[in-house]
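Next come two complexes built around subunit A: one with subunit B, the other with subunit C.
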Partner chain A sequence: MQFFGGTEIISPSPPTPSTSVNKANMMYIFNRSGVCLLYKEWNRPLKTLNAQQDHKLMFGLLFSLKSLTAKMDPVSVDKGNLGMPQLPGQGCSFHSFCTNTYKLSFMESPSGIKIILVTHPKMGDLRESLRYIYNLYVEFVVKNPLYSPGTPIRCDLFNTSLDQYVKSLVVA
Partner chain B sequence: MHQSLIIHCERTSRKVYSPSDGGIGKGPGGEVLQFNRMAAIYSLFIINKSGGLIFYKDYGSAGRMDTNDSLRVASLWHSMHAISQQLSPMAGCTGIELLEADTFDLHCFQSLTGTKFFVVCEPGSLHMGALLKHIYELYTDFVLKNPFYEMEMPIRCELFDLNLAQAIQKDRVALMGR
Partner chain C sequence: MAPVAPRTGDAVFANVERVNAELFTLTYGAIVRQLLTDLEEVEEVNKQLDQMGYNIGIRLIDEFLAKSNVTRCVDFKETAEVIAKVGFKMFLGVTASVTNWDADGTSCSLVLEDNPLVDFVELPDTCQGLYYCNILSGVIRGALEMVSMKTEVTWIRDMLRGDDAYELRVKLLKQVPEEYPYKDDE
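And now, the complex of A and B:
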């Protein structure tokens, strides 16, 4: 995986302002132990649960889907038992799923940081974008001396650059 | 990635080339070869409206799942499908239709009565939606119309098996894509 390189300079071109409507719905960042470090929403008309319950449900869904994909993996022979705890990067994971109303893209870093972006269902492959967001996280959050790991992210520079980048995503 | 292709190729001792776009491939001598689409599908599951597995067929995935595991996987998928509806940012969500994993794609189709059909196939396989609808058609024709079939119970219908095997065959998938 490319995102191992820590000194990598953020490479993708700066976001170009687009005139189309915002296609991103919401975004979550979880750490290894399931604490929601960041939750942002741009367009979410339907809310069924309160924020905390919603984050728990999302983390639970990802956790279970990961153990499902690890068990279902048709390529590897030794898959272990269903629900066996797995380290980040171990076993077959997934990178996105689509429903008729949204598309969820998922990335997990080697340190167990999970980045989830919920977008319009017609959105293309967002693996590169999530990696870019991970780079933003490394640059502006991890390298921020005032940030203590495991606490909700409150870094202005990260928030603004993230907002700007996500708003630049358009349906391919 | 094309491991199962190779396995299948050896089993049937047919010339199989694996262009990821499927359909027809060119051999080394330039001759046109049929790409065996059967290998593109790893397994098929059918689950009833309460999440019980009523049909499971494996088409050559590595490390076969045993019966207990397939039952667990099926009910786990049923719950994940339901939770994904809860988390939708918009109203009217009907659950996961496509799950893209590192080594496979999972396409799911839910009928109006809540029966879910899902196939595990190679990443980027096309026309799986059409195949699932066709399998649903076979299910209605050969399972639901079978007077000896009890609703929500495991499927044991010879005609269904027979027609399903035909449907999974390469030509059918290739034809439906056109």
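And now, the complex of A and C:
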């Protein structure tokens, strides 16, 4: 897949006009040291925390959940104590969880980039979509010479294509 | 949905946009030439090339992971193979071979028979201490650091200095575990 030139923006299925309600609630991108590179929200009527606390809580949730899932893994042998630091790639990784009001989809690259998308609970498997977003990040952020790694993302091209793409996701 | 299978170096190489090899070689040559003029000391140029490579490496790793679909390597041996077979192929169009493992599997050599960076290059007598391709060692070091491996990369053999191949020694210093990045006191 190539993203040069930006003409090849693919959406898995075109947005249907009848369901014009946006199904995505919010999205976070973290880097390996826990810096929130991007926070975007589309539909989040209820906010209880300030932005910084909110990001930390989300990162902490994922971090703990990951060590819990790895600890519960019935097939892998080498498990340390709960909460023991893991090498990246060690242990298993979850890719989504669902509550009655939302679904959280999660992807982590081996380089520690974490992409989190919170959507409507009926949303299908988003692993492919998150990979696509990772590709967008590579093309428009990583390859942008004006972007210095580890700082919040302020690239218009990335923001607009991300926005466009996320809005095109529909409940299957 | 089945997880996406990792792609081979050839498959990725066939699908990415490429630049003309000569243009690439000459551009790199021009950079090194300019560095030699600006910094005067050959040692400084080596350092600068390594730093430039490092800066490239910390970004390049994401492109590599995104395009090759490589998820994780079980050990350093697999990592070295992936660099040699997928990484080099994807970005330089050549493959390297992995040899000379030491007993504990923490250091190995990447041998390049063919190196597109050095076409048309001859080192003059004044630059004998120059590691012309030092940018490559920086790239590998930077990229591996982003996947939590601290490495040391040095040149062992260099055809520009009269050896029969290019050989990079990659030594794994340590693997950094992922830790909770915030302090507890807040």
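Rule of thumb we're sticking to: the second predicted complex is superposed on the first by the 153 of 172 C-alpha atoms of A that agree within 3 Å, B and C clash if a C-alpha of one lies under 4 Å from a C-alpha of the other, contacts with A are read in each partner's own complex, and residues count from 1 in each chain.
The definition used in the following text is that contacts are C-beta pairs under 8 Å (C-beta built on N, C-alpha and C of every residue); 3 or more make two chains touch, one makes a residue touch a chain.
Here the structure is a predicted model, which is why all the values come from computation and not from measurement.
By the touch criterion stated above, A:G34 is placed in contact with subunit C alone, subunit B being left untouched. After overlaying the two complexes on the shared chain, residue contacts for A:N25 are found with subunit B alone; subunit C is out of touch.
Partner contacting the larger number of subunit A residues, of subunit B and subunit C: B.
Look at A:D54: by the touch rule set out above, it reaches subunit B but stays clear of subunit C. Contacts of A:T160 after superposition on the shared chain: neither subunit B nor subunit C is touched.
In the superposed model, A:L65 makes contact with subunit B only, not with subunit C. Once the two complexes are overlaid on the shared chain, A:V75 sits against subunit B while remaining clear of subunit C. Using the contact criterion defined above for the overlaid structures, shared-chain residue A:N43 touches subunit B, although it does not reach subunit C. In the superposed model, A:F94 lies in contact with subunit B only, and not with subunit C. When the two complexes are laid over each other on chain A, subunit A has residues 60 in contact with both subunit B and subunit C. Those residues of subunit A that touch subunit B in the complex are listed here as 25-26, 41, 43-46, 48-49, 54, 57-58, 60-61, 64-65, 67-69, 71-79, 82, 92-102, 104, 118. Remark: subunit A residues 1-2, 4, 32-34, 56, 59-60, 63, 85-89, 109-113, 125, 127-128, 131, 134-135, 137-138, 142-143, 149 touch subunit C in the complex.
Residue ranges on subunit B touching subunit A, taken from their complex, read 1, 3-4, 42-43, 61-63, 65, 69, 72-73, 76-77, 79-80, 83-104, 106, 120.
Touching subunit A in their complex are the following residues of subunit C: 1, 3-4, 15-17, 58-59, 61-63, 65-67, 70-74, 146-148, 175-182, 186.
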